[in-house]
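Next come two complexes, and both contain chain A; in the first it sits with chain B, in the second with chain C.
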Partner chain A sequence: MLAFLLRRIAVMLLTALCLTFVVFFLTNLQPNLEKLAKAEGNSRMTDAEVTSFLETRGYARNVFVKYGEWLGVLPGFVIEQPDGSVRGRCFERADSVPPDAPAFCGVLQGDWGYSSVFRDDVGSIVATRLGLTAKLMFWVMVVMVPSALILGVLAGMREGSRTDRSLSTVSILSTATPEYVSGVILIAVFASSAVGLRWFKGTAASAMENATLENFLLPVVTIALYGTGYIARMTRASMAEVMTQQYIRTARLKGVRFRDIVLKHALRNALIAPFTVIMLQFPWLLNGVVIVETLFNYKGFGWTLVQAAGNNDIELLLAVSVVSVFVVLVTQLISDIGYVYLNPRISVA
Partner chain B sequence: MEPLSWTGAFAPLVPVLWTALAAVAILALLRWIAGFFLSEGDTQTQSDGTLAVTRGPLEMLDLATWWALLAALAVVAIFVAGGAALAEGAGILGAMSRRLLPVWIALASTFALSLTFKRRLGLYGKLFDSTIGMIGFALVMFWVFAAFMGAFGLIVTHDPLGQSGAMKNELPGMPYTRMLGEVAEGSYPYYLLGGDNLGRDVFSRMIAGSWVVVQIAPMATAFAFMVGITLGLPAAYKGGRLDELLSFLANLILAFPVILLFYLLVTPEIVETGIPAYMAAVMFLFPIAFIAILLNSRYRTRPALNTPLLIAVIGGLGWVYLSLISERFGPLDILPQALDLFDIPGGILVVFVSVVFVNSPTVFRIVRGLAFDIKTRDYVAAAQTRGEGSWYIMLWEILPNARGPLIVDFCLRVGYTTILLGTLGFFGLGLPPESPDWGSTINDGRKLLAIYPHPAIVPALSLLSLVLGLNLLADGLREESLRD
Partner chain C sequence: MSDTAPDRIHPAARMHAEEYRAGQIDRREFLTRATCLGVASTVAYGMIGLDAPALAQTATQDGGSLRIQMEVRALKDPRITDWPQIANIYRGWLEYLSEYQRDGSIRPMLLESWEVSDDARTYTLKLRPGITWSNGDALTAEHVAHNFRRWCDRTVEGNSMASRMGDMVDPETDQIREGVLEVVDDTTLRLNLASPDIAIIANVADYPGAVVHPSYDGSDPANGDMIGTGPFRLESHEVGVKSVLRRREDFDWWGKEAEGFGGASLDEIVYLDYGSDPAAWLAALESDEVDMLYESVGEFIEIMDSLDLVKSEAVTASTICIRANQEAEVDGQKPYADVRVRKALQMAMDNNVLLELGYSGLGVTAENHHVCPIHPDYAEVDNPVVYDPEGAMALLEEAGFADFEHELISIDDDWRKNTTDAAAALLRDAGIKVRRTVLPGNTFWNDWAKFPFSSTNWNQRPLGVQVLALAYRSGEAWNETAYASPEFDAKLAEAMGIASAEERKVVMKELEQMLIDDGVIIQPYWRSLFRHYKQGVTGAEVHPLYEIPTYQLGFAAT
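Then we have the complex of A and B:
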């Protein structure tokens, strides 16, 4: 088990390194840097001014070196400016290198850089935004997981029955409704003056401080809806498979009540597969979060991703991608470990 | 001119429809609850060997639900058929039904032909044994026909990009005027589903949007399948280092949040560097490689046939490939203008590439999983004993036997690709801003959603119905392919 874990974590770190490098490379391409220079300086800079802007701020160097500095394994750059002062990665512009300035300042040292859009420290932005999104995700999970499992178990316990067919249709319908469709429909029905049912609010901006049913239900339901159908279908398939097993037949022949068979014999075994599916849903939910936060103007992590990507805010975008890649990989790991733990038939030696 | 009402002459039928639908819902709920307390009617074997079921209260409820459902469907059928006959006389629904008349005819003839010959049509024919599959197929074919006919100018009522100062945010059924008070002679007199925030016709944009999806989604999915199959089969069959490397790469792409990837690939700055064009150049090689290997592995023992066939296929596809990737003044300006068959309009190629890129790793994993299972079968061992080449075994022994799950997944994946295209449009990535595709239209419409929901609701429901159709079709196919 330990070897398996170590191997998985090693692969995970390698994946994270590769992915962050890809993001780093793409955000540091020449046209992106020129756009950054024009956004930071002024939009009417000449080509020569852009070049000198990029050179004095350490952008015009080898991408591997820059990546190493960002990561914190190479010492931060120190560049002498045309006017004699120096500018470095790890300190503000000064006449000479400050004695207390650290040599390394990258992600490994906990320095995530500075956001050029929000004019703030990347670390603190990501922390606040993640907190807001965690609140959203918590309620999504509270709504989505029980409803999906109940739907799936009800449908799967009598395969082919009327309940099964109608619930399966419901779950197909929900998987066919991406967030930007269900969100639009829900807002139009429950929050617009055109239909008249003004039960909820079409924006969740006020839910950031004070989440109430009125301003938070629609975004939560919108995200939950898309995932519910998928998890329900997986639960149904796994439940239906369990119900054909020999030990269920034995229990039925012994005369155990159907309800007891479902609750005591089938349920635990039927929930192994949905557990991994729920874990693997996180990357998808991330997608949903981005769409819903944009649609409902909830300024969380997904909204930050859109802002960072739309404005080529390099360091914020990198931090966002590190976090999201980390979430994806950790949930994959948990799903694998959980699968092994829950399923006695599988063992990793 | 008066604005059109929704149902016009059929207005008295609307309460009937609502009553029938409410009856269906209430009766179904009652049936479900009653199912816990009452037992079903007894089955008795009669002396001639047939079964008879006694009618209990549950069976009566079933029958009532069924009749209510039939009544609702009959009203809907009257709306469609009567609307096609009466046109504007039957309100907005009637006028739309008249505009969609070619689609109804095409759908009806497709179904008539398929149902007549369904026993001779293999898996496609079997689809018509499943109600779910038929509903899904009808929804999908509705949009396919509407898209093609719309592209030939049959259904659309106005130019999907044409703006009108007088029609901004007008409600469905408003008479069309180009400017205030000015009646446009000769053009269609109404905006059937209203106007959007720039005064464009929502109905025409809906039809034009389906053309964008129908053009890109199946092709992109097919490309993703070719990439996934060409890499997934050897990964599973050969295993070892190759498998590890390819799986690692696939997982790498899968660990990337899709939206981040889109933002990184589809922004104008990245397009300027030519990275999507180079990716296209690599990815479009896979179909050629796939087809060439497919033919070569089959006919390599017959050089007299094989050589000319390969030359023709590679030459033809290569020309298409070169004209596909080479773009005038683009990053890859390889082919001289005279030889360039066609140019893909800006943005479409980038969208296409990124959608293929996102889909291929999943297809790779599915193909790899299926091939792992199939390569242990006896017929594979038999082919190995005969001394067949490994590509022959992969493409002509393993692949055909994995077709069932792959066809089902193809349908699902076209739906997923439609959702991805919508996501791209929703974030305003790739396609031009005035593009009528559903995602961009939803994005346009959502700003005024609280006051004028119709410009966003129409494309949202269209996308929903197409994806739902594809999912139902996949479900029907899965059921029917599992049956034998």
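Then we have the complex of A and C:
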């Protein structure tokens, strides 16, 4: 078990290293740096001004050296400015290098860098935004998992029945509707004066501070709808399969009540497959919220990713990638370990 | 300067009065438009020969918190600011020497008055007495001189004020020229220019021209409490999310007593970012999360009209130019170097159609010369462009470009894309081959001035000459047409030396005609800006330069 865990963690570190280098390389391509300079300086700067901007701020150097500095294995740059002052990676612009400035300041030293769009430390931005998305995901899970499981079990216990057909239609419909469609429809019906119901709010901006049913229900439902249908389909398939097993038939022949068969004999075995699917929903949610967060103006992790990518915010994008790798691999790890407990026939060691 | 007289009536209002007399618009519409243009309602009634009804003055209540939908961008040193939204935030605590008003006139703000010599080479700026900074220092002429030095520093990357200071910058040192600044006494500053410049007062009113304290070092204004002369301070600033301004307590703001100013009645102003999708802005209004929009656009204007909101309109000199770059090479030839090709493109355009299809008719048609009727120096041209698709094709055949396929590039957005699409359709109607390319915003602006044939939006500048100097003078950085006419440059230099707008009109007329005859641009219409806000919000009318004068905002007393 320990060896398995260690192997998984090593894979995770290696993946993070490769992915961040790819992101780093792409964000450091010349056109992207020009874009960064124009966003930081003035959007109508001349080419000469862009060049001098990039040189004085340490962008115009070898990409491997810059990546090493970001990692914290190479000392941060110090560049003298045209007016005699110095700029460095590890300190603010000053007349001379401050004596207490560290030589290394990268991820290894716990310094995630500085976001050029938000003008703040990357660490604190990611923490705040991840917290907001966690709040959204928590409520999505609360709505999605129980409703999906109930739908799936009800549909799967009598395969081919009228309940099965109608519930399956509902789940296929909801999983076939992407968020950008269902979100717009929900807003139009429940939040705008176009239909006139106006029961809920079409924006979740105020939910960041104070989430209420009124301002938070629509984004939660929009995300949950898609996942509900998907998990319900998986649960139904798994349930239907279990219901054809020999031991279920034996139980029925022995005269056990149908209700007891479903709850006591079939349910636990039917939940193994949906468990993996639910775990896989976490990484999907983390990135799937991009659309919903943008649509509802909820400024969480997905929205941060859009802003960072749109503005070529190098260090923020890197941190976002690291977090994403971490979430994907950790949830996979949990689902692997969880499998062992749900199904004694499987072992990871 | 004649164009700063306080009783100046907006030329567009006069135009609307003519329309009223001709029966083209009704009384109500005239009054809305005229007062939207900043004409006092009593004066507006007078313009169409009616007596103004007695109106109760709306009093403002003291206090309150106003929520405004606006993009919240990272703040920058004012002189390198590139978006009016950024300036609208530091407008809370930084102020300007002069203020561009909604009707196109300019009034003194931190200045009390100014005098310009007849040759437009000596400016005497008188500071308003009794202005103090938030740290207690008095504002002096030396502080203003310091700001002029900052504005003229061309070594700072992206310093957009340097391009507005023109001749004051020494090309050798890239700093202010020796001897320009002359501090006469504590409240008087004299500018001695080497060559005439009529646009200085207008230029320092522009949004990067905020006056900063001498101790300011160019760092991010959101760090710490930045010293300013204005009534608010920055409470918090979260890029992309929100920015909060709070009124400074225990601060004696000069504007309280100054005639024509006053206000600063709000306790708090909150700017909230709802992204760039107008549907989200509408949702924010409907959900009662904001009281006022930054701008209402496109089809949403109609939807918002149906809600219980106040609508305000500003006729502006903001526009779109569909232009050919005369130096651009396409497949080894320079198609747009030939004036016949450019004229043909111009003649194939029906500006009314472009306005209707491109901007839902929310504006006024223009005459392809980039000087707007609201500019004080606008003059009507004698030979405007006539819509003639057959003539256009004939000209192209004559030039040998009948089979040439034009690639028309535009940015990917709402009105600019639509207008350019309509232009392409008109060209096809005339039998001209055209291919459309739509680029996303971040790649479009990297090369905007170099595209062979594309559309660009231009914001308003206070004077007609300013736009011409910025965009059509030979070799200018923003000259996207690569128009290089020594004759035009000489005339323009002459116009730049005439301080009176009335006298300048004569030269302007020739300049406008040159732009038309040389087929430099297709400039179909002037945009009107719209803004919706809730009943009871005061001082929130939309400004042609998108300025939000924070001190004017308030809530009507109930």
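In this text, the second predicted complex is superposed on the first by the 342 of 349 C-alpha atoms of A that agree within 3 Å, B and C clash if a C-alpha of one lies under 4 Å from a C-alpha of the other, contacts with A are read in each partner's own complex, and residues count from 1 in each chain.
Everything below uses one rule, namely that contacts are C-beta pairs under 8 Å (C-beta built on N, C-alpha and C of every residue); 3 or more make two chains touch, one makes a residue touch a chain.
Everything quoted here is computed from the prediction, not taken from an experiment.
**Student:** Looking at the overlay, does A:Val328 come into contact with chain B only (first), chain C only (second), both, or neither?
**Tutor:** So A:Val328 only meets chain B here.
**Student:** Compare chain B and chain C by how many residues of chain A each one touches, and report the one with more.
**Tutor:** Touching more of chain A: B.
**Student:** Check whether A:Lys35 is in contact with chain B, with chain C, with both or with neither, and answer first, second, both or neither.
**Tutor:** both
**Student:** After lining up the shared chain so the two structures overlap, which partner does A:Thr15 touch, if you call chain B first and chain C second: first, second, both or neither?
**Tutor:** In the superposition, A:Thr15 touches chain B alone.
**Student:** Contact-wise, after the overlay, does A:Gln109 reach chain B, chain C, both or neither (first, second, both, neither)?
**Tutor:** A:Gln109 contacts neither chain B nor chain C.
**Student:** Taking the superposition as given, does A:Asn297 touch the first partner, chain B, the second, chain C, both, or neither?
**Tutor:** second
**Student:** On the A-aligned overlay, A:Pro283 touches which partner chain: chain B = first, chain C = second, or both, or neither?
**Tutor:** First partner only.
**Student:** Does the superposition put A:Ile187 against chain B (first), chain C (second), both, or neither?
**Tutor:** After superposition on chain A, A:Ile187 lies in contact with both partners, chain B and chain C.
**Student:** A:Ala176 contacts which: chain B (first), chain C (second), both, neither?
**Tutor:** Only chain B; A:Ala176 stays clear of chain C.
**Student:** Once chain A of both complexes is superposed, is A:Gly202 in touch with chain B (first), chain C (second), both, or neither?
**Tutor:** Both partners, chain B and chain C.
**Student:** In the superposed arrangement, what residues of chain A touch both chain B and chain C?
**Tutor:** Residues common to the chain A contacts of chain C and of chain B are 31, 35, 187, 191-193, 202, 294-295, 310, listed in rising order.
**Student:** Write out the stretch or stretches of chain A touching chain C in their complex.
**Tutor:** Checking each residue of chain A against chain C gives 31, 34-35, 38, 41-46, 49-50, 52-53, 82-83, 117-120, 187, 191-193, 198, 201-203, 205-206, 208, 215, 294-295, 297, 299, 303, 307, 310.
**Student:** Please name which positions on chain C make contact with chain A in the complex.
**Tutor:** 74-75, 80-83, 155, 157-160, 220, 222, 238-241, 272, 274-275, 279-280, 282-284, 286-287, 289, 306-307, 442, 445-446, 477-478
**Student:** Provide the residue numbers of chain A that touch chain B in the complex, in ascending order.
**Tutor:** Its residues touching chain B are 11, 15, 18-19, 22-23, 26-27, 29-32, 35, 162-163, 166, 168-169, 172-173, 175-178, 180-181, 184-185, 187-188, 191-195, 202, 283, 286-287, 290-291, 294-295, 302, 305-306, 309-310, 312, 317, 320-321, 324-325, 328-329, 332.
**Student:** Going by the contact rule at the top, pick out the chain B residues touching chain A in the complex.
**Tutor:** 28, 31-32, 35, 132, 248, 251-252, 254-260, 263-265, 267, 269-270, 272-273, 275, 415, 419, 422-423, 426-427, 439, 442, 445-446, 449-454, 456-457, 460-461, 463-464, 467-468, 470-472, 475
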